[in-house]
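These notes are about the structure you will find just below.
As written, the chains take the letters A, B, C, D and E, and residue 1 is the first residue of each chain.
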Amino acid sequence: MFLKRLLSNDMPRSRLLALLLLAVFIALAFAPFIFPGVKALSVAAKILVFVVLVASFDLLLGYTGIVSFAHTMFFGIGAYGIAISASRLGPNWGAVLVGLGASLAISLVLSFAIGLFSLRVRAIFFAMITLAVASAFQTLASQLSDFTGGEDGLTFKLPELISPSFEFAEEPFLGVSLDGRLLCYYLLFVAAVVLVLALLRIVNSPFGRVLQAIRENEFRAEAIGYRVVVYRTTAAVLSALFATLAGAMLAIWLRYNGPDTSLSFEIMIDVLLIVVIGGMGTIYGAAIGAVLFVVAQSYLQDLLRIGNEAASGLPWLAALLSPDRWLLWLGVLFVLSVYYFPTGIVGKLRARAAR
Amino acid sequence: MLETRDLTIRFGGHVAVNSVSCAFAPGTLTAIVGPNGAGKTTYFNLISGQLKASAGTVSLDGHSLSGLSPSARTHAGLGRAFQLTNLFPNLTVLENVRLAVQATRDGAHRRGLNLWSIWSDHKALTERADQILAEVALKSREHATVASLPHGDQRKLEVALLMALEPKVFMFDEPTAGMNAAEAPVILDLIRKLKKDKTKTILLVEHKMDVVRELADRIIVLHNGTLVADGEPAEVIASPVVQEAYLGVSKEAA
Amino acid sequence: MSTKNLLSLEGVHTHIGAYHILHGVDLAVPRGQLTMLLGRNGAGKTTTLRTIMGLWHASQGRVRFGEKEITAQHTPQIAGLGIAYVPENMGIFSDLTVKENMLLAARGAKNAAQIDDTRLKWIFKLFPAVEKFWNHPAGKLSGGQKQMLAVSRAIVEPRELLIIDEPSKGLAPVMINNMIDAFAELKRSGVTILLVEQNINFAQRLGDTVAVMDNGRVVHAGSMAEFSADAQLQQSLLGLAL
Amino acid sequence: MKKLEFDWRPLLLAPVLALVALPLTGSFSTWLTLTVAGLAMGMIIFIIASGLTLVFGLMDVLNFGHGVFIALGAFVASSVLGLMGDWTGSGELWRNLVAVFPAMLVAMAVAGAVGLAFERFIVRPVYGQHLKQILITMGGMIIGEELIKVIWGPAQIPLPLPEALRGSLLVGDAAISKYRLLAVAVGAVVFGVLAWTLGRTKIGLLIRAGVQDREMVESLGYRIGRLFVGVFVVGSALAGLGGVMWGLFQQNLVPQMGAQVNVLIFIVIIIGGLGSTGGALIGALLVGLMTNYVGFLLPTLTQFASIFLMVAVLLWRPQGVYPVANR
Amino acid sequence: QSNEIRIAHIYSKTGALEAYGKQTQTGFMMGLDYATGGTMTINGKKLVVIEKDDQGKPDLGKSLLAAAYSDDKAALAVGPTASGVALAMLPVAEEYKKILIVEPAVADSITGDKWNKYIFRTGRNSSQDAISNAVAVDKPGVTVATLAQDNAFGRDGVKAFGAALKKAKLVHEEYLPPTTTDFTAGAQRLIDKLKDQPGRKIIWIVWAGAGNPFKIVDLDLKRYGIEIATGGNILPAMAAYKALPGMEGAAYYYFGIPKNPVNEAMVSAHYKEFKTPPDFFTAGGFSAAMAVVTALKKTNGDTNTNKLISTMEGMSFDTPKGKMTFRKEDHQAMQSMYHFKIKVDPAFAWGVPELVHEIKPEEMDIPIKNKR
């Protein structure tokens, strides 16, 4: 019952899905202990960031039906907020809060403007405009190098407590050294859980239902008494704010930020793909999709290395399986996942359970 | 009292509704008839705010509606069903109606602006929606998605959404078009029931003259955007302009 | 047999996704006649027409057009055999002008000037709105005007078979009369017509043969004259007397 | 009855822009150099964008992979020209052109053939579904780019201009590069052929109708599937041609070159009104002029110039200068 | 502990700089092979190279370096290709207290204000590039204008270049967006600035990336007597130099220029394996390998970080470019640069740079920009 309310009464509605979600939750909760090593922990942290980022995008895309390519812009704003204030104000919690506050404020204003603009032009035009705006923003971030570190980005320090050099216990616990990096991971973990549950609540609120109505038929939604501008703009702002928070999480984890890290179009496409693989219009899809995608992306090269060695007898196959061509396989993954998961993993699992 | 004064709209050089002034009192059902393209739907669009008038005003109970968005007009008490079916195709029948119920009734859901409660907790909405579906005989299909409904059922749902809004003014645009003669009575009965409520104003665009004859308290005729006749049903139907322009050199006027 | 019926369906089953909609439809459309397909909402009339046009595919059974079996053919091939179809939703290309809509329907014409002039004049006379709004985007037409355009498109070139889903929907009485005249004229010129219609009047005045559907099956087939005479039959099949 | 008249106002945009720039640039010869360069640049942009007006504008396929055909065309041309060193190295114009034309044809043929496969395996399952189009074509783009790297290697490849096309013609003090004149000629041909086909035949209408209601077009008896394949192939071939022109303009090729021009050509066809050949031409010329003027007057803002231009045009005409479809 | 020495090489195996990264890797492996006499062992310890692909992404580079030091137990690391990646990596070296030899990322700040004591660089930095070029064009009566990318790389380069000009006059700095494809507008501005100047007029171009700024010669600069100068580049990029016979500048490396046994060995090994001459970044990778082996030999295979640092500070080592020396103050390798003049030779697909003068480290005053 408590769980049901925590999940805003939006149950997985498929036993397999429930199991998957549980597995993901447990794996992430104990990642430092289950999967040792720096790389595994980075992958887990990246998953946490992406779950929030993708879920926030799903609010816009899956629930409201707005296709925007400017979502990484807000992600970047969040990351830059932390990066800039930490590098200017020094490694203290005040700087983190200032950075967070400032970036949320900027995102609020920008997303408000974009949300209003989305009503003036048609969907494709809006998508293309946001694409252009996002690329302009990336250029701007590179150009304002005094402020943003330009293309090289910013490396900065954070409060001692969540820095790798801080050790709060001498002895490793279960083979894992108890240091600031671990604390930082759990900070991210808690943030991700809270933010995702919050998004789940929003999409299952009366407001969330209206967003779906607008997605389906904007004209009729207005006719039955919903002021579409208000709902769309609110959704745009909310999703931007969540993306900003995801960006802040990223910066806190990496203690670095640059245009390619948080603003690139590549990330935008990854996010889109995750939404589609996971299942549009289901926050759970974001979680499942993010795990699958980030793991695949992070270990594809390792996998290919094995394949490459196995195929060393067949030179042409080995050439294609070369780890240097990992992008080729990522592209194939794009195509296949659109082919085989038209309604996403969540959609597929739910449809199967419904039979 | 719904009133339009000199309501006009031009599309380029074409005047689709030409200075129509008319008042509709509560407790009456006014049928609006006229040839195809006469401007009936456009007149509705002007009243409900889907189109902006080139000139003229619309007011409800003395308050001007001009300049308000369609959603604001819905809140002011106008309700509208569309001629060409216009629903939320991938939501279920029940959700369609529930959304309409939520839109106009106040409550903890704050007309859909509540971000932080769980939607299914608002049970009253579901109950009301169920009730309406029962009235239009769609209860058995409440979990079907709209896109899979046959045409006739979609027309019924169109009417159900209007009922859910509980407006002061009901505007029906050919509610029974494409509906089987055995099914149409469900809708017509609903309209009859509405008529009994003397606080409701009903506007009905309909081409089936037997329906008009039976239901209407008053008929107005639009022709080329202009109001050309207004009065008692029998009188209007008998007038030469209606006979000729609308009913044709009638073989079936009887 | 096959010369008498221009179109025939034998035991056609159609599935849409997981739903089984048509449960063995048998339908014969005699050459040169006007066949009415009646039935309650949701009986499967539209699905039957779409199955004929190849827009859904029959999972079982056969559809024949003249001598030819068309069950597994694709829509353009079926249409190419000389069938014109007016769908339930009218299928108007709302971005194109009325002229462009008509031009597409006239497969033989490369541009508007090549559309058969006498036929066009005839259409303009039947449906003046088509002429009046010739250069306007079709999406801006009124509901009834769209319906007229949809029917005009189906008759802009001669076709052997017309399949029309509820042509009278949304039309003013005078226009219904025009349309009845038009169909009568087409029939005289030898065209076979299959109509789904809810307007009883329309049905009675035009129909030669009638088929009544219920629950995905044809439950009655016969001549219109007999059917209109038998009030009890009507009551039991349609829930009302004509 | 209001007749649909030809809307001539967008035609004035480019001349007006040029006139506004005249006093700002200061000297006439500078202005002339910039204007001619801008117009010619616009023509090159038009050539690379022309395929996309068909695919994206008319067919409504958000092909994010269009760039890969541009890159493919350029790389194929580099191989073809590489085989004809004698002809490109010669200083005689006709010999150079004899080398360039087959390169164009082969590039178009290869791009068109790959387009055929692309349509079949990548685009066909997702007609009408924008989001999936974006993803699946991005996937196609990545695959294509990687295959280019497998075939031609990841390094940049030089594609020197044939001898006679190098250098400039001098008009007074203004320099007009010869290659750009060739680009104007090719662009004019592409424009003419496209405008004629789409304006004088039913093809354009059929595509637009097919995008709105595929079933209805099929019910009218047209094989819309085949038509779409055909148009996609032509669009890809045009991209291949654009790639040749762009590659010769850049004089070196990188596998990512397609992705680099993606945003630019999107902007052009959006300004044009999605699917209008004339609109795309106007858009391309405007972008060409604008980048040159801004590049001269306020170089730091060059990267924002075309975006600013797009937003300004859309504020004036929210559907682009010549809206084709009501999307 | 064991008898292995693990070295991580982190570079752009894929991404925009894939071609550069591959050269570095080739050079690095050839260098190790050459320096250990083909044994790949030092003092009985086997050298193991762990390759990692940063894809040109700073965040990835950062976590890969951490993983290399921690998960893979690398004793030291070499790389990366891009400056942005390098800058993000610097703190990781400090965190793990392990050495990072930067090669070939060029940004000055790597050995400047972002430097820490674990950072060494065998590659040249922007200042060395710019100053050597300044030395090459710096003559009395010469008027210079610059054309550079509008980013840190371009601006730093021009700044160092301008500061090093003693006799020539710098009249204009033109910065264009890194994504520029049409250079007409910028060229026109340069022409306007230069055409009325007396004497020799030179546009010095510093450009890295896709665009081709040399197209501006198509605008017939000769009519105003304007020349072009620029640094060296990878061979495919030098194809554009074919149109610029007689152009002067200063290069980091060209396989035909340095005359020493190491270079000869590398060129012949490269021809043997690939049938092509080694390029720019091959030489860099080779140099890095030479530095690593020289240092490890001196410590007798001891990988203790502090010991390595004290060994490497001030250490000289042989490279294909002759002798290099890690400067004590900022750990930048001081090295020769080559003043060249372009000759067109039909046998080569690129413009061939012919040596005019080897600019020895002593001839360049490379500023020390870090704070120790």
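Following the convention adopted for this analysis, a contact is a pair of C-beta atoms (placed from the backbone, for glycine too) under 8 Å apart; a residue touches a chain by one contact, two chains touch by 3 or more.
In this text the structure is predicted, and so the values were computed from the model without any measurement.
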Count how many hops through touching chains it takes, at the least, to reach chain D starting from chain A. 1
If a chain touches chain C and chain E alike, it appears here: D
Between A-E and A-B, which chain pair shares more contacting C-beta pairs? A-B
Please identify the chain with the largest separation between its CA centroid and the CA centroid of chain D. B
Report the chain whose CA-based centre is farthest from the CA-based centre of chain C. E
Counting in whole Å, what is the centre-to-centre distance of chain A and chain C, each centre being its mean C-alpha position? 52
Centroid spacing, where centroids are CA-atom means, of chain C and chain D in whole angstrom: 45
What's the distance between the Cα centroids of chain B and chain C, rounded to whole Å? 29
So which stretches of chain D touch two or more other chains? 1, 149, 300, 303
In chain B, residues with contacts to at least two other chains: none
Could you list the positions in chain C whose residues touch two or more of the other chains? none
Note: in the complex, chain D contacts chain E through residues 27, 30, 33-34, 37-38, 41, 149, 153-158, 160, 166-168, 170, 175, 177, 179, 249-252, 254, 256-257, 260, 288, 291-296, 299-300, 302-303
Listed in rising order, the residues of chain B that touch chain A in the complex are 48, 50, 69-72, 74-75, 80, 82, 86-91, 95, 98-100, 102-104, 109-122, 161, 164-165
If we count contacts the way the header does, which residues on chain A are in touch with chain E in the complex? 37-39, 42, 139, 142-143, 145, 150-153, 155, 157, 164-165, 254-256, 258, 260-261, 301, 323-327
Per the touch rule, the chain B residues reaching chain C in their complex are 11, 33-38, 40-42, 83-84, 148-153, 174, 177-183, 207, 209, 245-248, 250-252
Using the touch definition up top, name the residues of chain E that touch chain A in the complex. 13-14, 18, 53, 56-59, 62-64, 66-67, 70-71, 83-84, 87-88, 90-91, 95, 107, 109, 114, 150-152, 177
